[in-house]
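Listed after this line are the structures, all set down as structure tokens.
You will see two complexes here that share chain A, one where it goes with chain B and one where it goes with chain C.
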Partner chain A sequence: MIDILINVTLLAFLAITSVAILRMTNLFAIVMLYGIFSLLSAGLFVVMDAPDVAFTEAAVGAGISTVLMLATLALTRSRKRGHEGDYEEKPSRAHRPWLPLAVVGITGTALVYGTWDIPGFGDPNAPAQTHVARYYIENTMSDTGVPNMVTAVLASYRGFDTLGEVAVVFTAGVAVLLLIGGRRPKSGAKVKSEGGEDEA
Partner chain B sequence: MDFFIDHYNYWVVIFLMMVGLYTVISRGNLIKKIIGLNIFQVSVFFLYISVGTVEGGAAPILTDGIELYSNPLPHVLILTAIVVGVAMTALALALVVRIKESYGTIEEDEIHELDHSL
Partner chain C sequence: MKPNLILHVVSKFLIPLIIVFALYVQFHGDFGPGGGFQAGVIFSAAIILYALVFGLDAAEKIIPSHVLRILASFGLLLYAGVGVVTLLLGANYLDYSVLGSTQIAGQHLGILLVELGVGITVAAVMLILYFAFAGRGRT
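Up next, the complex of A and B:
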């Protein structure tokens, strides 16, 4: 029972945080709120019996993502609007709220309609629990000798999947280096850019 | 009440998804768009982990005397997805830095105007 109570509360906190992120215009505050959002998700993963996922989310989501976003903020802030306006997001002129609201409303309604015949939360007889998961739970010890099933599946049963993941991360790292590594023009130097001249 | 408890997780997940989607569509600031994308992504993680949770089950680490475990498979998939997601976030943020270098702004409508005033 207490599990469900914590679950409900943390999910409500997450919903509130996401709305706050949407409503705020100060980018620094938004990035900090996103760090809180990630930390709350890590707590929720623990409640839902997924400690490995919680570790990763806390280290990678709340840690590395936040640092990356802060670094980007430092590199892209506009000095034109005075000191207070450094991290201020400009109110968008081109967008009317009605079309996005309609899209989101229709999509959300369709998805909620889809949850009507989904198995209930925590149902031990749901199809997801009765097929391949049973095999891992019963045979992990004899197949691999690793007590942590998540590790066993990640590094042994689906080792090639993880190898593919490493390839993806490597590719992303190379792409980031190609984009912003190496020649780093001082802001203010005339780059061969179209329209970047107003950056004094 | 049971129906509510059974579906509460999925409804909040859908709400978070829609907030993320709305942020991506309706806000012009590129960094805010990326954060909206991240919120959407985390909500998908919740969907998978919710599906894998078993009432009264333990974390999937083999222990003597425990019979009922949560489903380890969604955990593995989401572990992979989190790491790939951060790699993608880093790539997107690098693109934002490059856009700032070339255009001098990270607001979508200003970039659009600069593209059309050439």
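Up next, the complex of A and C:
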């Protein structure tokens, strides 16, 4: 009972946050609301007994990505274009809401229709529980001796996947360094030689 | 940067706690929730907090950018290297059972090393991202 109450409250807050994000024009406040959205999602994951995922969502979604978006805002500007002072958007070109609305409506209906076939939350007969999950639950302790099954699956059974994920993180770092990284120009004269060093 | 006494005192008190918590999440990931990825993010959050309060230059003095690049590569190489070691010991790639005297000891060692590699890479990449973004707007 209390679970349902918490779920409904958290989901309601998620919906309110989404609507607030849509209606706001101040990007600084929107970034803050993104952080709140992530924190609420983390709360939902905790209620669903997935503390590892909640941990990641709270640390990455509410923490790091908020800081990164703020840093990006510092580079650009903190208001949407066309909203310098006035909140009323001027219809500069013909704006037809019906086509996007129809697309969103049809997609949403299709998604809701698709959820009918999804097995209930925690259903023991769901395909996800009957395939390899049973093997993990029965054999993790004897195979690896690691009490946290999530760690065992991530690092040992699915070691290849995690290696790929780390490679993705590493690649993202390299990509950012290539795009906007490198040494900051301290003084005008030294820029060229230092830039050359970086690329070498 | 304008000195702010409250921020300085509070963050100096918090940053060691955050780093200890990151290490706890890192090495206790076998037993509780968490693991290398979360620990790396928490560790980088401590450094980012330091950078926010004390300025980017002070933070880059603690962990210079070239060290971060080496660390990011090292973590990935550590992960992949564990797999190569298991290959050389005659097992499949990333099959940790041959690393220790027993299967469970080998799995423990393998998971520990692999999670350490994940943590190092994630922490370094997060800091690289932050330093790249925060250092961009300055001259």
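Quick notes on this one:
Methods note: the second predicted complex is superposed on the first by the 163 of 200 C-alpha atoms of A that agree within 3 Å, B and C clash if a C-alpha of one lies under 4 Å from a C-alpha of the other, contacts with A are read in each partner's own complex, and residues count from 1 in each chain.
We adopt the following convention: a residue touches a chain if its C-beta (ideal position, glycine included) is under 8 Å from a C-beta of that chain, and two chains touch if they have at least 3 such contacts.
All values derive from a computational prediction rather than experimental measurement.
Annotation for the three-chain superposition on chain A: chain B and chain C fit side by side. In the superposition on chain A, A:5 contacts neither chain B nor chain C. In the superposition on chain A, A:132 makes contact with chain B only, while chain C stays out of contact range. Comparing chain C and chain B on the residues of chain A they touch gives the larger count to B. When the two structures are aligned on the shared chain, A:60 is found in touch with chain B and with chain C. Of the two partner chains, chain C is the only one that A:145 touches; chain B does not reach it.
Residue contacts after overlaying the shared chain place A:111 against chain B, while chain C stays out of touching range. In the superposition on chain A, contact of A:75 is made with both chain B and chain C.
Of the two partner chains placed around the shared chain by superposition, neither chain B nor chain C is touched by A:16. Shared-chain residue A:29: touches no atom of chain B or chain C.
When the two complexes are overlaid on their common chain A, residue A:38 makes contact with chain B while staying clear of chain C. Overlay on chain A (Cα): least separation between chain B and chain C is 7 Å.
Shared interface residues of chain A (contacting chain B in one complex, chain C in the other): 51-52, 56, 60, 64, 68, 71-72, 75, 147-148, 150, 154, 162, 165, 169, 172-173, 176, 180, 185.
Across the complex, chain C meets chain A through its residues 25, 29-38, 41-42, 44-45, 48, 52, 65, 69, 72-73, 75-76, 79-80, 83, 93-94, 96, 103-104, 107-108, 110-111, 114-115, 117-118, 121-122, 124-126, 128-130, 132-139. Residue ranges on chain A touching chain B, taken from their complex, read 4, 7-8, 11-12, 14-15, 18-19, 21-22, 27, 30-31, 34, 37-38, 41, 44-45, 48-53, 56-57, 60-61, 64-65, 68-69, 71-73, 75-76, 78, 89-90, 92-95, 97, 99-101, 103-105, 107-108, 111-112, 115, 118, 120-124, 126, 128-129, 132-133, 136-137, 140-141, 147-150, 153-154, 158, 161-162, 165, 168-169, 172-173, 175-176, 179-180, 185, 187, 191, 193-199. By the touch criterion given at the top, residues 2, 5-12, 14-23, 25-29, 31-32, 34-36, 38-39, 42, 45-46, 49-63, 68-76, 78-80, 82-84, 86-91, 93-98, 100-110, 112, 114, 117-118 of chain B touch chain A in their complex. Considering their complex, residues 51-52, 54-56, 59-60, 63-64, 67-68, 71-72, 74-75, 143-148, 150-152, 154-156, 159-160, 162-163, 165-167, 169-170, 172-173, 176-177, 180-181, 183-185 of chain A touch chain C.
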